[in-house]
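Same chain, two partners: chain A is paired with chain B first, then with chain C.
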Partner chain A sequence: MTVETSTWATKKGLAQMLKGGVIMDVVTADQAKIAEDAGAVAVMALERVPSDIRAMGGVARMSDPAMIEAIMNAVTIPVMAKARIGHFVEAQILEALGVDYIDESEVLTPADEAHHIDKHAFKVPFVCGCRNLGEAIRRINEGAAMMRTKGEAGTGNVVEAGTRWCGRSPGTVAYRS
Partner chain B sequence: MKIGVLAVQGAFAEHVATLDAIGVEGVEVRLPSDLEGIGGLILPGGESTAQRRLIDRWGLREPILDLARSGAPIFGTCAGMILLSHEILDGDEPVFPLLDVSVRRNAFGRQLDSFEGSVAVPILGDQVVHGVFIRAPIVERVGEGVDVLARLDDGRIVAVRERNVIATAFHPELAGETRFHRLLTTMAAEHDDPGEGSGRRHHPTRRTGLAR
Partner chain C sequence: MVRQIARDGRLPVVNFVAGGISTPADAALVMQLGAEGVFVGSGIFKSEDPARMANAIVQATTHFDDAKILAEVSKGLGAPMRGIAMEQLAESDRLAVRGW
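Right, the complex of A and B next:
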């Protein structure tokens, strides 16, 4: 039996298993445990939740690897973590830690204004945010295995995200892979 | 013939699409009333910790156990296999203890260890099954009366059957594999209407050459 790991089917497959579930932002192992017990399908390990990142200003980076590891050891559900847009070294560190998904996220300060990470080059799957179909297709072309909507990070304004999803934003249509 | 697919969380749409591909109507099951009139049930992949909460939240546990006890076929993939087991080795309580097996969750490791490869499943014929294993469980103990349907090359058990309940650690619905769904539908049809000559016909999974 020939076995292949980190194929497109396994990357996309995990996203398919997460459907209909809640992925919860957590900043400590205790919070991750609470999220798991409450029925979250995955946790997003963050140093600060987006609203705090926004309030504090400055440069928001990848979270402390020790904190991510503590969360990975605390729960059995998948653990995701964020890397800055275009910051492939942060992504390499997260892959070496063994996280289950990397979020190349606009919540953190972008490391590159123009270019995103070449996500095909990684074994770990990526999720990216998008505002419209064009953005979604560019991210998938770069290797993203899951897409999410982009709101205004940390504001709690869900109208933005909802509008994208319901297809009321110009250029957004129902998309099936 | 309608086959239900538990649709509280996870990859239920893929199972409905697979049923559609073989011309069988798939019914998404979210409430106990959705179980009326279905001949069999699929428990899809997803996160078993999340699914177990939703199963209890919507009062689905007893109605599904009643359906299984009536003899209707049940098919669980990945998280579905975990939900069907007598024992879950890292401590969680069983949900539908219909398979006398012990399973270990995430037995292969994290997502980076997820893999795909071919698996021999003798009851489905000589053509191997392409198995997609995503943070997959493994069966570490089988009781008496449990048939082993497939093993990996190293001997680890990845598909089992006990009476009317089948479970796989991998995802046939992600690989365009329809034979498990055909088998389930055949079993559901025979349960629903044994029909003339059924006494002479072997149960569809009672074939020699099980991978034990």
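Right, the complex of A and C next:
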């Protein structure tokens, strides 16, 4: 087994531990505590939740590392943070901070129109969004250790995540036909 | 990898659902549809009572196929986040189409 595949196996194994759980977006240490107490398996530390990013407009970037650290110090559950699509330096910064997972996220403004981050180059596991099996396979091939189907973030509307999506999600047999 | 996915009928990594989950029923819906977990973004801290909503969504994700428990945890949660209908959202404002 090469070093790369054993690392990927380790990272995807880590992500398996979150299975069956809820991961919550939090913007403060207080919110992170509430999420932990409610039984979240992990929190996503970010400056603005998607509905506020939507309202704010402009370019959405990685959150302030000080704010991410404050959340990491507040809880014992894993902390995730978002990097922009293709922004491998934001990912390097998040890895240096010691976050438990990096989300290469479409909720932030993409930093590269052609490439996603080479996630095999990192020790920290990545979660990535996908809308279909092709996207999922490309992300896993790039080293993603966990996937999330992309509903429409910040809408509070499950139609995208649920009915359009999950019924045909890569987790079901529908894709085999 | 494609062969393995075709054979197993599932991805080789854990697969969650994200985007648009704002009630315990939403979480249970995607779990019944085959999700292996959920991300809740704006749905918790944009609701009226975040601590209760957070707890209710965790319960609903665990007991997604038990409608009695779902009914119980859905009681008296206050207002969920306001929400946006898809037809009110301009194509240029859509986030899910980012990435390829």
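Everything below uses one rule, namely that the second predicted complex is superposed on the first by the 157 of 177 C-alpha atoms of A that agree within 3 Å, B and C clash if a C-alpha of one lies under 4 Å from a C-alpha of the other, contacts with A are read in each partner's own complex, and residues count from 1 in each chain.
As a working rule, a contact is a pair of C-beta atoms (placed from the backbone, for glycine too) under 8 Å apart; a residue touches a chain by one contact, two chains touch by 3 or more.
This structure is a prediction, so every number in the text was calculated from the model and none was measured.
In this overlay on chain A, chain B fits alongside chain C without clashing. Legend: residue contacts after superposition of the two complexes on their common chain; A:Ile85 is shown touching chain C, with no touch to chain B.
Put simply, the three-chain overlay gives an angle of 80° at chain A, taking C-alpha centres for chain B and chain C and rounding to the nearest 10. Contacts of A:Gly20 after superposition: both chain B and chain C are touched. After overlaying the two complexes on the shared chain, residue contacts for A:Pro110 are found with chain C alone; chain B is out of touch.
Look at A:Lys123: by the touch rule set out above, it reaches chain B but stays clear of chain C.
Of the two partner chains, neither chain B nor chain C is touched by A:Gly143. Once the two complexes are overlaid on the shared chain, A:Ala40 sits against chain B and chain C alike. Counting residues of chain A touched by each partner, chain B versus chain C, the larger count belongs to C.
With both structures placed on the common chain, the touch criterion links A:Pro50 to chain C but leaves chain B unconnected.
In the superposition on chain A, contact is made by A:Thr10 with chain B only, not with chain C. The overlay of the two complexes leaves chain B and chain C separated by a minimum Cα distance of 6 Å.
In the superposition on chain A, chain A positions 16, 18-22, 38-41 are in contact with chain B in one complex as well as with chain C in the other. Residues 7-14, 45-47, 49-50, 53-54, 78-79, 90, 105-106, 110-119, 132-135, 152-153, 171, 174-175 of chain B are the ones touching chain A in the complex.
Within the complex formed with chain C, the chain A residues making contact are 12, 15-16, 18-27, 31, 34-35, 37-41, 44, 49-52, 54, 85, 106-107, 110, 116, 127-131, 133, 135-138, 140-141, 144-162, 165-167, 169-173, 175-176.
Those residues of chain C whose C-beta lies close enough to touch chain A in the complex are 1-2, 5-6, 9-22, 26-27, 29-30, 33-46, 50-51, 54-55, 57-59, 61-62, 80-86, 89, 93-100.
Those residues of chain A whose C-beta lies close enough to touch chain B in the complex are 1-7, 9-10, 13-14, 16-22, 36, 38-42, 72, 76-78, 95, 98-101, 123-125.
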